[in-house]
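Chain naming follows the written order as A, B, C, D and E, and within any one chain the residues start at number 1.
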Amino acid sequence: MPEFAPDPMTLAILLPLFGAIAAFLAPRAAPLIGLGAVGAMAAAIAAVGHAVAQAGTVTVPLGGWGAPLGIELRADGLALAMLGLTALIALAVGLGALSAFAGEAPADGQPMPRQRAFFWPLCLLLLTGMNGVYLSADLFNLYVMLEVISLAAVGLAVLGGTVAALRAGLAYMYASLLGALMVLLGVGFVYLQTGRLDFAGLAGAQGSPALSAAFALMLVGLALKAALFPLHFWLPEAHANATAPASALLSALVVKAGLYILLRLAEAGPFPGEAILTLLGVLGTGAVLWGGVQALRAERLKLLVAWSTVAQIGLIFVALARAGTEGLSDSWRAAALLILAHAVAKAGMFLAAGRIKDVIGHDRISELDRSAVRPALAQLAFALAAISLIGLPPSLGFIGKWSLMEGAMGAGNWHWIAVTMAGTLLSVAYFSRALTGFLRFDRVRAPLDEHRGWALADAPPVVLAGLAVGLGLAAGPILAVLDLGRPFGVTP
Amino acid sequence: MPGLALLAAIGTPLGLALLLALPAARGLVWRALPFAPLPALALALFGTVPFTVSNDWLILGSVLGLDATARLFLIPAALVWTAAAAAARVWMAGDRRATGFGLCFLFAMTGNLGLFLADDAPTFYVFFALMSFSSYGLVLHARSEEALGAARLYITFVLAGELALFAGLGLAVGETGSLMLADIADTALSVPTVALLLAGFGVKLGVMPLHFWLPPAHGAAPVPASAVLSGAMIKAGLFGIVATVPLGEAAYADLGVVVTAVGMVTIFAALLMGARETAPKTVLGFSSVSQMGIVALGIGAALMAPGAWGAVLPVLVFLAAHHALAKAGLFLGTGVFAVQHRPAARIAVTVALVLPALILAGMPLLSGALGKEALKTALGAGPAVWLPWMTLALMLSGVATTLLMARFLVQLWRKRPAAPAGVESDALVIPFVLLALAAAALPAIWPTVAGSAAQPIAEAAPGTPWPLVAGALIATAAAVASHTSRVGWSAVLSTLTAPAERAAARVGDALARRRRALARKARALPPALDGWIAAHRLGQTGIAALLVTVLVIGGAQHVAPTDPIAPPAAEQNGP
Amino acid sequence: MTEATIYGLAGLAVFGLGLMGVLGAADRLRRLVALNLCAGGAAMVLVASSWRPPPAAPDPVPHALVITGIVVMVSATAVALALIRRLYSLETDTDA
Amino acid sequence: MTVLLAFDLLLAASIVGLAAATLLMRDAFAMIVAFIVFGMLMALGWARLVAPDVALAEVAIGAGLSGALLLRTLAHLRGGSLSAQGGASVSAPANGATQGVNALLAGLATCALGLAYLGAPQNVPGLEAHVADAMPESGVTHPVTAVLLNFRAYDTLMEVVVLLAAVIVVWQVERGLAETPAPALGTVYQGFARVALPVAVIAGGYLLWIGAEAPGGAFQAGAVLGAVAVLGLLSRHVRPAPAHRPLARGAFVVGTAVFALVALGVAGAGRVAFEYPPAQAKTLILLIEAMVTISIAATLAALFHGRAPVAVSREETDR
Amino acid sequence: MIDMPLLPLIILLTSLGAAPVLLALPERSARLRTGLNLAVAAVKVALVIWLAWKAAHGVVYDLRLSVLPGLDLHLQADPLALMFVALSAVLWLVTTIYSVGYLERGPHRARFFGFFSLCVAATVGIAMAGNLFTFLVFYELLTLATYPLVIHRGTAAALRAGRIYLIYTLAGGLALLLGTLALWGLAGTTDFVPGGVMAEVAAERPGAAQALFVLLIAALGVKAALVPVHGWLPIAMVAPAPVSALLHAVAVVKAGAFGIVRVVYEVFGIDLAQGLGVTGPLIAVAAVTIIYGSLRAMAQDDIKARLAYSTVSQVSYITLGVALASPVAAIGALAHLIHQGVMKITMFMAAGNLAEGLGVKKVSQMDGVGRAMPGTMAAFTLAALAMIGLPPFAGFISKWYLAQGGIAAGQDWVIALLLGSSLLNAAYFLPLLHRAWFRDATPEAANAPARRKISLWLAAPPMITAGFVLVIGVLANAPFSPLEWTRFIVTREFNGGL
């Protein structure tokens, strides 16, 4: 028997898969299995981190064939950061899910344990897909991974089982499928032009009509999946109507898959051109403004948070497009920082919003201040996450915005700074709607019942939101990690 | 024909007064009233001076005439009377006691104008008494409680004054041995005589402590009467002193000290008392008292240092003219103000009133300031010991007058003087404006009128604005202080900042309204847009649109002629 | 004009038709069918790209990809149909 | 040559025409039928493009199973009958102008893509040379199977994962509420099914076996076996009951689990994941294929059935 | 004594670390909270004294944490920082004592003390920030930490005040962010260096330098309550008394003023700022603010509103002194930073006591309160007299130096300004003292039900700070007095600049 020594990257993808299988087979033990699998995955990711720290970029030729015949897994700093982020959020959301699905039956009379039984397999399959996306160096494999993510994400989005959730989930399904099919056709065009499917083949290619078409298809497909304005129409309802842990995963991770693939495509291929970047910046601006405006008039807390996702995604696109003098080789860092910041903060925020909704019994913003019960810690978590999303120092969101504005300023793009500022002001405005509801007390009739002790469910949002704020101080190490293996071929 | 001219000058008012007794002629008389002083004015302006006409038959052998000094008194007096008469015609139009008023008015006019023309003591005394006693009717006219009290006070003082005057004149005539005023003034009279004369004229002049009648009387009398009381009649007191006391002839050091001191006290005491008054016309009365204090300074100096009289006299005459015009203007202006009913008109009148008030207060280059400067120069020849004090007092009198004028203007608004109903304001405005303009133009026309006597005025320094500014500041401060003491600090400051805040609030309101309107629109826009997008499912369309856009942008790269990489599609498509 | 060109263009046309159907169709089922058309079109393009002039054997890799794609698509279709059925049940329940 | 060209042109035109027809059909049933025919024609086209594996897969899965799923859903929406009207129209159809814009944009995009397609270099060497080089070490002789289960086995594993995800979601979505049963076949078909089922099972096994050397393989085999199960469901030979649930779960995951375990298990001693030792390659691949076939068959059947097995209601048993 | 290079960080962490603990403490464990609060505050004072001692003996503290390439979070302990740290540490201790008494039995105490602690941590961070970037970080933290304090009562009015406060300060914060970014882009550094870092930029692009100055001052002016961006300050006085005390004395307003000091002296350098011609407008703004604040103060009947407008006026002395560009004026400005803090905190605490003990919140209700609460009113009186600028109290010292500085700078009118301002100060404080001491209480006020005896927790702090007011005025020339310390700072700033 040869010694058994799988590489950590494969493990990072397959461990959650095994977890999903086990959780599916043994629904009763699903939470335990799920947390165990996430923990094991985190360990594998730590091992990947070790390898990346040693070697910069690590590749595994699956099946021993190597590109272009076989599929390769590749990890560098950017992938590592995303892997770590995923592990962190999965862990936190998993803990949050323990009690989120353990509570009483929801309004429509569905038995909750069923949700819990299905949450874990879907969540773990989602993690499989996410990790697969981060580590993949093959275009078609990315398509398959996107489909894994899509199906798992739709499953999570409709976990609540309400009509609204199902409708939103179906719209999400269609958008997601269409996006994936566009990517597929794009892959076809790439193959047509280069005869290869790996990133390396793309890297050597010259610009050509077929590649332009491929990029156009993949860009639109991924933008649809990442909910870039005006292709965001599916997102708010889908994220707002899902159960809180699912929303956290969808908002923090799933939309990032599209962004990540775009970054990778841009890194490998002879695109995008200057005009496309400007277009992305403009669309990002539209997202920042429209998302902000819609968040301002959202009536429910989770819907507000979902619209804020639209705005933040727009900001990330602005960063991607315009945060540097050297194009993407300069601006990807700002985009990556914003991706990380948004993921951590938004996961915390959705979990907090879920807690608030659970404790108060509803999440209508206008009536938050009528409740005699105030989930103080969840509200604190919400506020902390808002700080990061607004971009106040010293949060990670601030560091991301700083990088964005610094890059834009360096390139003399003051109007993009103005966009960022406008987005910031809008976010202050819409988040303060919620905060005002938390902090107002004079509309409460009943005696105030403020402190109901600590619940385990409070820990994940508080920790995540705290990290979203505190990680700003660790921006140096984070940037160092991102630069491992020199993504985009530039030294910091 | 000096005789005829004299007759006309004195006879016109007298005759009109007599005609008033005929009910049928009353209309005519009232219409002719403004023209009554004109013969006297014409005489003063065009007559050659000096001239005398003796009428032995009259009284104790009356001698009438006009000398240079009297002429300069007569001109402003006649002007004031004309203006006042014009005003009286309107003012009294609806008054049921108009006839009585007219009678008294015409008699007082006769007396006032006549006394300037009198050359001998008895005649002078007669005209003087005529004026004084008929004025009682003017003061009493309203018959109100206030008028009755003022009239009582007036008549008491008039009686006392007449008594003193009578005694003084009598003694003087005795000491001189001549009835002629000119002779009396040339004789070194005894101190008691001079003292009596000074006291008697002093009552008319209103210097302290003989002033008590003056402010109430001015306050109580109808506006035209107040104007002549202040503008013309109190000048008779000055004229009396000039005409009878042997100034420049002999030194009366003790009397001089007294008069100077009285003058100084008068200047400021009048301020203190006037500041407490509430009726605007009474305030003006105190201002007159204060102004006469200045005159007293000049007289006092001349009493102490006879040598100074030559320099002082023309200045005093000028000051008298200045005060006559300005003060009468102010009184008439008060009347004009009283009959205005619209705030805008009142503001306009107030602004117009500021001109005579400024003249009086000593606005540089205008008659008040010039007069004071000239007096300062003239006093240089006076007693050296007193000079600095007098200079100071003159300067401070500017402050005092400013304060009183400020008080007057404020009280005008606070306590609007009563006016008969239905008075036409236009007819009142003309005399007022004329007097105010005359007062303003006085420095310019004085040389023409007075000839060499105008020398000191023409040479006077333009004056300094500081007393005026100081007065204005103190007045403001006092107003603020009094207002504050009434309503408290915070209220004052709120009031001060209120206009700015109101303006800001208005701008803020307008902005807020616009903002609200915009916000309404802005709030309505997203749902509308949202609904539209949802209704047409434009999000879906966006997918295709974006795809086409990106494809076109990408394609543009390849069809661009500069791009050598992409060969045309057709060539590649060969069999 | 080779087979590859003909079927490739046909595949693109099918994709375009499917796209139009997805964008415009109001009917859930029809949109799903349209998505399946898209998938078919994309698969057709891939298969066409694998074609080699007759003596040569076609490239097997795209074939494998397309088989994978077909299975993925049927999975997605099944999920979407499950959602449609469930939604229909809930909606008719609430209507009733 | 020209005949063939004309045939190709005609076939391509038919494919496009059927695609258009599918979208234009008013009636949902007709639409689905058109879609199935479209799938068949596609398969024909792929056969013309020398892609028999793909054609098989399309017939079995793309057109066949998808069509069956669609029909089943339509039956559900129409209360058990396929011929009834009504069904799934939900939102108001987009108005004419929007449709026009959509059509225009989609047409523009298609034209642009067509231009790009024409502009792409013809006959770029793909990976066939690499495949040919690596075939001896692959353990199988059929290149498509080699690609699927060896060179790109990772993709295939994830494809099975997609299937697993799909069945989990379907079970999750359907809450086991009472609902209209799948349409039962008439008695004639029952008889047909009795004959067809064993044949189909044998055919499936054959396809699986032959996959190593010739067109066929796990997916096709799985599809055939899945079709067997579907027939079984339709003919009520198979009645899923709660007791079957663990079995079904096991069947769903066994392919994925074995595949992943093998992929991981071979790692070590200098080999990475999915790198089968050449000696055992064929065995391992066959093992994986067998397991995957079971999973695929079970999954496809479950997807068709559309929900987790529930206790059969009294009413249903009576029928 | 042992050397501790991390001392500034430890001082920062004392309150920063205490904040989450305090937030997490259950509402009812009041004793524990009080003990922790006081212990941490006392420890902080001790540490600050230690730090000052070491720094005075030449130990250089310099802590950096790289956040982005070239961009550090930088803590330092230069004399200027030490001054502000000392002020905040001492006043925090006092205010903590006061708050314990004030919030007895009130709601949300955990939240209050947690954010209170955070607020002081932010102030300490602002004080010790070694570059504008670090300053910005703590400046925003301060905004966020004070917001829950301002709206502590949770009423509609409090929330409105909080919203206005947030709008003003976050807009200011955004401007500061933009300014920091621009400084970083223009000068390539955001470090605070005596003499400034902008010399080269100003030589090449004077327009940009001027714009940057205006941007930064406008951003900081929001918190420093310069007219016309002072609007939030009087509204924010709905906060509880200890919050107002802290807000006005050390935290928010002073943070703005302190930032102006840093920007003028250590970003631009006073000579450069003068050369750019931007100090003139700054002086004008400060002068207008001084007079305007006083005038508005006079019109307020609410005691706290009067004090708030007085702050608007008084804090601008600091700006004025800084902008006058004379060392003597700078001494006055920095000394006033401390003096005003001590005086104003006394007055706010005394006002809080009046409200707590007598229910007196308006000037018009103050008749006879001197007899009712002699200790509190004595403290208030002392502070008020000092505020007017009577010798020998603290306020006199700073005004004296400001006036001298004005003369030295050739701006004699500053004396008139100071005289006028002092007159106005007298005009709005003396009536208050008159009412308190020389009028008899109205009968209904004497029997008001709101009357209760206040605890020592409330009574002692204002008297202690009043004692400071007296001591730092009388002993102004003693070693280690605030004045001496500011002299030391100014020597450094002006030598460094020349």
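As a working rule, contacts are C-beta pairs under 8 Å (C-beta built on N, C-alpha and C of every residue); 3 or more make two chains touch, one makes a residue touch a chain.
Just so it is clear, the structure is predicted and the values come from calculations on it, not from any experiment.
Peer 1: With one step meaning two chains touch, work out the least steps from chain A to chain B.
Peer 2: 1
Peer 1: Most remote chain relative to chain C, going by C-alpha centroids?
Peer 2: Farthest chain from chain C, going by C-alpha centroids: B.
Peer 1: Which chain has its C-alpha centre farthest away from the C-alpha centre of chain E?
Peer 2: Max centre-to-centre separation from chain E belongs to D.
Peer 1: Most contacts: which chain pair?
Peer 2: C-D
Peer 1: Identify the chain whose mean C-alpha position lies nearest to the mean of all protein C-alpha atoms shown.
Peer 2: E
Peer 1: Centroid from C-alpha atoms only, then distance chain C to chain E, rounded to Å. What do you get?
Peer 2: 68
Peer 1: As a quick test, compute the distance in whole Å between the mean CA positions of chain C and chain D.
Peer 2: 11
Peer 1: For chain B versus chain C, what separation do you get between their C-alpha means, in angstrom?
Peer 2: Centre-to-centre distance between chain B and chain C: 103 Å.
Peer 1: Just how far, in Å, is the C-alpha centre of chain C from the one of chain A?
Peer 2: That pair's centroid distance is 28 Å.
Peer 1: Show the residues in chain A shared as contacts by 2 or more other chains, in ascending order.
Peer 2: 140, 144, 147, 151, 154-155, 158, 166, 178, 185, 189, 191-192, 197, 208-209, 212-213, 216-217 - these are the residues of chain A that touch more than one other chain.
Peer 1: Multi-chain contacts only, two chains or more: what residues does chain B have there?
Peer 2: 537-538, 540-541, 543-544, 547, 551, 555, 558, 566, 569, 573
Peer 1: Where in chain E do residues touch two or more of the other chains?
Peer 2: none
Peer 1: Within the complex, which stretch of chain D touches chain B?
Peer 2: For chain D paired with chain B, touching residues are 91-92, 94-95, 97-98, 101-102, 105-106, 108-109, 112-113, 115-116, 118-122.
Peer 1: Where on chain E is chain A touching in the complex?
Peer 2: For this pair, the touching residues of chain E are 23, 26-27, 65-69, 71, 73, 107-108, 110-111, 136-137, 140-141, 143-144, 148, 151, 153-156, 159, 162-163, 166, 170-171, 173-174, 177-178, 181-182, 184-185.
Peer 1: Per the contact definition, I'd like the list of chain D residues that touch chain A in the complex.
Peer 2: Within the complex, chain D contacts chain A at residues 112-113, 115-117, 119-121, 124-127, 130-131, 134, 150-155, 158-159, 161-162, 164-166, 168-169, 171-173, 175, 246, 249-250, 252-253, 256-257, 260, 263-265, 267-269, 271-277.
Peer 1: Can you name the residues of chain C that touch chain D in the complex?
Peer 2: Result: residues 1-10, 12-21, 23-30, 32-34, 36-37, 40-41, 43-45, 47-53, 56-68, 70-79, 81-86, 88-89 of chain C touch chain D.
Peer 1: Would you mind writing out the residues of chain B in touch with chain A in their complex?
Peer 2: Touch residues, chain B against chain A: 523, 526-527, 530, 533, 538-540, 542-543, 546-547, 549-551, 553-558, 563, 565-566, 569.
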